[in-house]
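Same chain, two partners: chain A is paired with chain B first, then with chain C.
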Partner chain A sequence: MAFLKKYFSNIFQAIRSLTTGMRITAGYALRHGKEKITQQYPDNKKTLVLPERFRGEVVLTHDENNEHACTGCTACELACPNGTIKIITKFDVSPEGKKKKALDTFIYHLELCTMCNLCIEACPTNAIRMAQTFEHSVFDRNKLTKKLNNPGSKIREGVE
Partner chain B sequence: MYRETAIVNESEVTGDLVINMGPQHPATHGVLHLVVHINGETIRKVEPHLGYIHRSIEKMSESLSYRQFIYVTSRMDYLSSHINNHACAMCVEKGLQVEVPPRAQYIRVIMDELTRIASHTLWWGAMAMDVGALTPFFLAFREREMINDIMEETCGARLTMNYMVPGGVMYDLHPLFQQRVKEFIKHFRSKIDEYDELVTGNIIFQNRMKGVGILTKEDAVSYGCSGPTARGSGVSCDIRKLYPYEVYDKVQFDEPLETAGDSFARYLVRLQELRQSMSILEQLIDDIPEGDIQAKTKAVLKLPKGEFYTRAETARGELGVYIVSEGGTTPYRIKYRSPGFSNLSALDHMARGGKIGDLVAMMGTLDLVIPDIDR
Partner chain C sequence: MPSLEHIANLVHDWLNAQFSPGLALFFEFFIIGVLIIGLFSILGLVLIMMERKVSAWMQLRLGPNRVGPKGMFQTVADTVKLIVKEGMTPDGVDKLLFNLAPFIVMIVAMVIMAPLMFAKNFQIWDINIGVFFITAISSLSVIGILMAGWASNNKYSLLGAMRSGAQIVSYELSAGFALLTIVILTGDLKISAIVNAQSDGWWIFKGHLPVWIAFVIFMIAVTAETNRAPFDMAEAESELTAGFHTEYSGMKFALFFLAEYVNIFVVCALGATLFLGGWQPLHFGTGTGFNRVMDYIPSSIWFAGKTFFLIFVIMWFRWTFPRLRIDQLLNLEWKYLLPISMFNLLLATLITIMGWHF
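== the complex of A and B ==
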């Protein structure tokens, strides 16, 4: 008799455990219209706001006079673990005849970058920052190698 | 040495059937290759074959500086990347003898616990999916998404954050961080009961898990298991409790232990760990001290000649970082003691004599992350 009692109570408990789970599933099925947690990604492109610190790609910030703050010190190049950044420097000759090291080309290999943020940390003049862009797909790999300084740009006055 | 022909020859003698599970199998959660010897439905032997995702992280680290090598370890156990980075940063700090500011210590521990919750939540969904329930996977991702958003806001990335630097953390907390974490805890407290109702009490789930994949206490110790896998067998091995680092000695939390040693015990341990992690977060989130977030370190780090070892409790178990330094700017040798590798080695012992249908459930409770095993 005790065996039968246990047998039926087991069956009863099993059914109860299943209905408990089904109740939650049914609850979600009924109110899923109100509680949407997925993003409609390509459609919400206009309203999509990414956090300020989001690491999308490295950019060299230029102000309205087409001036940047990069001194060509290569601290970011040394800090990068993957060889993503290559900085080519030149010597500017000032009117007094003094030679000064300056940035010629800031080459950035997006295809090698892991967004570790170490270059931004290393930069002594805050010349580079992470941008929030993330749609980097292109058909040609060569397009991912970028020149970050704008043509004709020069170093901002007073940045050493 | 492993030869395919040796297995075929051996199986001819014993009459076992040899099947390859993986490397491309949806239930192995990555490129794990198991050579399973079965007789009928009974498992005779399970041989894990590794090397499909070997990236030689240890060798790579030898050519990177002490600031640079930390980011690579995010790619080992990608679900607890913060804790990997934390262990490496602690090892470098030990070599440099740098004291981390209290604020940075608090932030580190909070981030570690958030990562642990994210990792265990994902595991819970994947585990339920392994035994055939699809809904929990989506529910788990909903909660994990909240943590990912918190991480994205403060650290700038969702999975491979690289937030820990030698001497502290990279940024200060986002102004909304504390509020977001409190909101998350409030939300998760109600949802974790739902997890229990949906899966833990379910009779089908219990029948699949109870008495399956039994690992005794002695075996767990001898195979070097750690983390929830060992705690499900009753081995007390929580590094946070036994060898507290950062501010873990200031918080009150229990180390959940189960003695059954089967798959269900490991499942229960992880669910209790979720609750413990939340209680740690609640204790820390309100009194983060003000102050610096980074200790002052030199631009180029040089560790003195010697050997340094630190360990941390990741979501999977004990992660050890061993650095041999010759006094230069790069490590001479780095060795990672990853929890997944030791836990996987117990799979053969667990599975022998079991049924082939239970193998996936056993593997699920070990919480394997394949890049952590292979490195």
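== the complex of A and C ==
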């Protein structure tokens, strides 16, 4: 008799789980006017609000003094799974004559980037972040290779 | 008020007054053919639109909203696109069978329309074996699907067609048993007799337990029989690209697509006729004011409303449930639906003999 009990309990469990699913989708169908996840993109370009964690492209944040927090440690370059980032470093010479490694050029290949966020997580000084831009189409592929640090920018005081 | 019955009688009388009876019958055949083709195209447009909107609502999307008001002409645009596409026949296929298959599937869907009762006394052919006729003809559609799969000379098409054969043949059994429950309760195979038997209450109310079980089994079985998700073994997009119609394009593909939706309409119309009283309005008790209000609604609207409700339920299934694997699919049929429907048939017989239904 145990198998019969299992047989019928299977049927009732199936009915219960299926009706649960159907209740959820029916709820969605009834609420379809109030809650929408579709963005009518080119029409709502002015009012478009992207989620906070949207991953558009990697940018190096500069403050108002044109200073960034990148120490040139290349942790992001090592973390990148497909060679999107290339860091070229130089040596700054301090007034005391001490040499210190610093960022020269932050090269970012947008055409190779999969927006996986691993570089952001690897960065020890939170120098880079994901921007909320997504209109990346260009006519020339070379325009996708970007230099992220602004000309004349330097590392912020106190960032090690 | 001009009902469909009234219009049909007017046309019949006028034709008989103008022509000899044989010629009048010929013209009636012609008119019916045109009406069925017209119904097909309208159903194709409406049901595909309905499917896309229902799926959008259930996933909190908008659905098509660009062509026409609220996107209502999207399917018209799609149809125009499919018509102007080249009707290509690939090189390696069996040319005759490949081109024949979509028409077989389509003609089967058309023939099943014959005994359906669309409104009060509005029916193409009130054959005395109506339910049997529908089940017999609907099994022919598997021939069209197997033909398409075999003629395509493509392993995915053949696999899809074979699976679909196994699926349709097995689910026909439990669909047939579910229909038999109603046939037993009514004591007649004729569609008009089944509808008339429900004038004092639909079978789903009158027949209680066995009819409820039969109704659920019927809905599951016809979802499988029309090859729709969660039982879309014949198509199986993720495994077989598109199953039996992988090699088809343009209007030939559109015929398969249309036949799928018309089949849904037919099985839902059958379900509405057998379980929900066909064109009979909703009545509680006898002679109450509520009943009189319900009687004012035309019978064609009742029939269409019930049919579209069942179509909505089948679409609801599709956008809620995950797909079954082929072995799970056959397990469900042979281990669950078939034994249950057999016992249910016994129960229905007992209830009919003892007169325990209302």
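Annotations
We take it that the second predicted complex is superposed on the first by the 121 of 160 C-alpha atoms of A that agree within 3 Å, B and C clash if a C-alpha of one lies under 4 Å from a C-alpha of the other, contacts with A are read in each partner's own complex, and residues count from 1 in each chain.
Assume a residue touches a chain if its C-beta (ideal position, glycine included) is under 8 Å from a C-beta of that chain, and two chains touch if they have at least 3 such contacts.
Computed from a predicted structure; not experimentally measured.
In the superposition on chain A, no contact is made by A:Asp63 with either chain B or chain C. Of the two partner chains, neither chain B nor chain C is touched by A:Asp104. Look at A:Gly21: by the touch rule set out above, it reaches both chain B and chain C. In the superposition on chain A, contact of A:Lys36 is made with chain C only, not with chain B. Within the superposed three-chain arrangement, the count of touched residues of chain A is higher for B, of the candidates chain B and chain C. In the superposed pair of complexes, A:Asn117 makes contact with chain B only, with no contact to chain C.
Once the two complexes are overlaid on the shared chain, A:Pro51 sits against chain B while remaining clear of chain C.
Where the contact sets of chain A with chain B and with chain C meet, they give residues 18, 21, 24-25, 28, 37.
For chain A in complex with chain C, the touching residues are 11, 18, 21-22, 24-26, 28-29, 31-32, 35-38, 40. Against chain B, in their complex, chain A makes its touches with residues 13-14, 17-18, 20-21, 24-25, 28, 37, 50-51, 53-55, 79-81, 114-118, 121, 130. Taken in their complex, chain C has these residues touching chain A: 54, 56-62, 65, 316-317, 319-321, 336, 340.
Chain B contributes residues 64, 67-69, 71-72, 135, 142, 145, 152-157, 160, 162, 165, 170-171, 174, 194, 197-199, 201-204, 206 to its touches with chain A in the complex.
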